[in-house]
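Here come two complexes built around subunit A, the first alongside subunit B, the second alongside subunit C.
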Partner chain A sequence: MNLINHDSVVKRMKPRLSKNIFSKWIFLALTMFILLILGVLLYRIFSQGFGYLDLQFLQSLPSRKPENAGVYAALIGTMWLMAVVAPVSLLLGVGTAIYLEEYAKDNWISNFIKVNISNLAGVPSIVFGLLGLTVFVRALALGTSVLAAGLTMSLLVLPVIIVASQEAIRAVPNQLREASFGLGATKWQTIVRIVLPAAIPGILTGAILALSRAIGETAPLVVLGMPLFLAFLPRTVLDSMTVLPLQIYNWTSRPQAEFHALAAAGIIVLLFMLIVMNSIAVLIRNKFQKRY
Partner chain B sequence: METSSATAKINNPEEKQIVYKTKDLDLWYGDNQALKKINLDIMENEVTAIIGPSGCGKSTYIKTLNRMIELVPGVRTDGEILYRGKNILDKSYQVEELRTKVGMVFQKPNPFPKSIYENVAYGPKIHGIRDKKILDQIVEKSLRGAAIWDEVKDRLNQNAYGLSGGQQQRLCIARCLAIEPDVILMDEPTSALDPISTLKVEELIQELKKEFSIIIVTHNMQQAARISKKTAFFLNGEVIEFSETNKIFSTPKDKRTEDYITGRFG
Partner chain C sequence: MKLATQNTNSFSVQKMIQEKKKRKSAGGITEKIMPYILFFTAAVSVLTTIGIVLTLIFETFLFFDAVSIKEFFTGKTWYPFSETNGSFGILPLVMGTLKVSLIAAIVAVPIGLASAIYLSEYASDRTRRIIKPILEVLAGIPTIVYGFFALTFVTPILRDIIPSLEIFNALSPGIVIGIMITPMIASLSEDAMTSVPNAMREGALALGSTKFEVAIKVVLPAAVSGIVASIVLAISRAIGETMIVAVAGGSTPNLEWNLTGSIQTMTAYIVQVSQGDVGYGTTIYYSIYAVGMTLFVFTLVMNLFAQYITRRFREAY
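Up next, the complex of A and B:
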């Protein structure tokens, strides 16, 4: 005897198939909605700012007159910021990830640390700003310097880099470690010669995404009291500076409409930098992707 | 003196040294005892097979011989394993030094994601050999030793993952030969390979035993019968029987050994 009645299966076929098609359109509609919002945003920024985007804009210092103003100081400032954030956050982040994945014993202390690092990734950036203000700006008396801003941003992106590096290191198959140990390699040799080279694509992808976040963050720098208007470039890491998002923030808060257009042009520059960095991340991932 | 030892050799050509002497070895994973009072003497320059059903402790035992078992959290051992007369379970025994003398070939081929050349040169390099000429010689000698030289000599700089499974396993054997070990441990080296690759690895083992002492875990009994001189039968963490392979397979002393090799269980 049959437990499945094939007639009723056929009868139920139609609603099943229409649900199937319906769900496809729902998801398509959701995706389109998101794209539309993004499109509107981009359209507004480009229509407003594109006309102001020229070499003069990229090469001028900020000015009270909108026709003379440019993002040069902010652009250079952002690069200075990256020059501090990239090495500091990579060294600390990858080092921590190596310790947690390769050395730390699996006990409650290391689990506690791991959970808290993930939690840190979710802490609002303004809180990191307060931390930076207390520790770097005031206690260490670094003032509103490149170094103070860079260290604060490093702390902000550190959890992201640690988590990404941990995942990349964990993805390296254990059999490779065993093969290395089996040949008499020490733990350190195994990490440097086997684990890290295999984990590098994942680590770099995470690092670049984290740096992109640092480029766009404004709130912590406002809390640090970084100058919004600065008509000179930093010469050392102890000099004061301004960065792109701050410059944009400054322009949008001016009453003149021309400055709003400048802000839009600044956003285009910022978006361009982000796209470049994200593309590098994708390229690295594709180029080094290995199968085991 | 010389004459007398030479005579002794002629009179008794089978006279060989013990490489591994295991005395009352116990091993626990947490509270679970995996090895019970193991006593085995493994001779040099011959193939010793370890057979037994899954979970009998044969892999655990072979991984204890180069202390790879320490990578498993919560492992405790008791007893002694003397390698060339020294207890390797002693805390003062340098595990890295042990592993330069005792190479290991794993169940699944596990080449590094590097070129064929770099795979073989890895061992010598970590032990401080930098001279390119010497490395070249080691790589060629090892690949020839593992009977894979002719297949890969024109593509030494290509990624090892481009090789077939059987070639990868022979590459792993070459990688192991490159550190010029004294003993080679093989943990089911052919279980992931097709019959032809298996045959090649078995032929290779016959060649290698002239120079190396080989301990091989296998759950293919025909394989044990084909390639080994002595066989140890493990069951539930104990050595049930250990003797000449032909004796074990023709006239086993223990009922359980007989049941296993005739395929009544396991």
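Up next, the complex of A and C:
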């Protein structure tokens, strides 16, 4: 009575096992490949741009001569952009999140808003540029100003902030709200004094991630007609400006290798800003997030 | 007021206090108007969508005053910058977008799926905690950086391998977009595969499957809705991607199945027109909205499709 044919098991087992080992290494190799690409990308950019990266590069306006050119105007422009995007998108995003989580009834209106937000997140950024061109640049006659760019970017990153704030507010346990109500607080008092303080780390993390998306976006600003090359600084929100990604784009699209090196140096500055912002986000998340 | 008390009427003490307050003073004004103010902020996101749709529709209608709908959808040449009257057949631009997205998918789907399988089925917790943040870094790099990488690194290497490759081509931006969307496929698919319950893996292992067989025959089919949705979303990202193709793809719209020559995608055309000094109100100016509308419809359909797949084919355990 031999129910199991041992020979055939051995014969079939061998290829199955070797396939198992082989595929594991394939999966690992492909995963490592994508990490390797990241390494190559960073190495290339640093080795190309590092020579141009000095104090003079950070303090000079753009120039037709590569050795005199700098990112000062673009750096200041990026700061201006952040100064508009941060308050606008934070107010709108957190307001929306509070409404959806604390006030909205489960009806078709709030469902529609939710579906709309998730679809808005999938709209290509260049389409937001077309919206901004028609509404802010032309209809409201803001021109290629800091304000027009900032408002367009605020709408673009709005879904990111809304979703992050919603999650943060949802994570605040209901006992806190009930305790607050029990002590006689009104709904709005509870939201402002109990829910928001508890949700702030999550909201801030989302806001910083949204901001870092806003300062890296290029396409919508190109569509708005923002200048790629500007030798003066904005003084008010109605002045024209250029930002880091636009300056990098401008240098990248020139044929000379020197300008490509400048572009790489500009990219290092941009990546440095992004790394700093993301580190702050991680720090906030680790340090202040309470677990209930 | 009705809105404000709706969720709290279970707390009768609070109700009493509120009634007392109402009698005392008009201090409850904030309480009353806040829901409306918040509703207004929530409406902004809806207004944005309406704004996008209306903008695209209105300006596209103005475009169709000058160009017939039939020419736009069936015309085989896109050459708007002619002195007299340009030709506006969108097929070459769509072709450029399709070529680039197809190459991106060919690069991203195998690598993304392999990383997802590796991370969810093979990797230890420690490895996963190292690799996942790196993938997130890769996803957070601005697209202009990828564009620079495509033009100054990938294109020269490809030109060493394929001598007939032009400086601007479909291959290089396609590959780089593929690299850009790989983290998206990897992390979304990994989420879908991790949510497959362990009992199913253990069942298959107990029957004598190897790890590879568990991954391919049990986990992959169980997570298929999430995986397909992640791929569709990633390709929709590739279709809407702008800076990489604007930098490395060139500006020659054509209908040929040729990957080594210069192309132009829908997004790159919009960028090209926006950068030039095209007068407001000209046919070329309106054409970017018609192209934008086509792009919007493409991505919207794909996003809705991805949502439909996740809803319809989700396996609940």
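Everything below uses one rule, namely that the second predicted complex is superposed on the first by the 261 of 292 C-alpha atoms of A that agree within 3 Å, B and C clash if a C-alpha of one lies under 4 Å from a C-alpha of the other, contacts with A are read in each partner's own complex, and residues count from 1 in each chain.
Note that in this section contacts are C-beta pairs under 8 Å (C-beta built on N, C-alpha and C of every residue); 3 or more make two chains touch, one makes a residue touch a chain.
Bear in mind the structure is a predicted one, so any value in this text is a computation, not a measurement.
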Fit or clash - subunit C, subunit B, common subunit A: clash
First, second, both or neither for A:Leu270, with subunit B first and subunit C second: second
Partner chain(s) touched by A:Val222 [first = subunit B, second = subunit C, both, neither]: second
First, second, both or neither for A:Thr186, with subunit B first and subunit C second: both
Dominant contact partner of subunit A by residue count, subunit C or subunit B: C
Partner chain(s) touched by A:Ile194 [first = subunit B, second = subunit C, both, neither]: first
Partner chain in contact with A:Asp106 - subunit B first, subunit C second, else both or neither: first
First, second, both or neither for A:Pro66, with subunit B first and subunit C second: neither
First, second, both or neither for A:Leu176, with subunit B first and subunit C second: first
Part of subunit B, among the options 7-15, 25-33, 61-69 or 133-141, whose backbone runs into subunit C after overlay: 61-69
Subunit B/subunit C common contact set on subunit A: 105, 178, 181-182, 184, 186
List of subunit A residues in touch with subunit B within their complex: 105-106, 173, 175-186, 189, 193-194, 197-198, 290-292
Touching residues on subunit B, where the partner in the complex is subunit A: 66, 68, 71, 73, 96-100, 103-104, 106, 108, 110-113, 122-123, 126-127, 161, 172, 175-176, 179
Touching residues on subunit A, where the partner in the complex is subunit C: 16-17, 19-20, 23-24, 26-28, 30-31, 33-35, 37-38, 40-41, 44-45, 48, 91-92, 95-96, 98-100, 102-105, 112-113, 116-120, 122-131, 133-135, 138, 155, 158-159, 162, 178, 181-182, 184, 186-188, 212-213, 216-219, 222-225, 228, 245, 248-249, 252-253, 260, 263-264, 267, 270-271, 274, 278
Residue ranges of subunit C in contact with subunit A within the complex: 3-8, 11, 13-14, 17-18, 21, 28, 30-31, 34-35, 37-46, 48-49, 51-52, 55-56, 59, 110-111, 114-115, 117-119, 122, 131, 134-135, 137-138, 140-149, 151-153, 179, 182-183, 186, 210-213, 233, 236, 239-243, 246-247, 267, 270-271, 274-275, 280, 288-289, 292, 295-296, 299-300, 303-304, 307
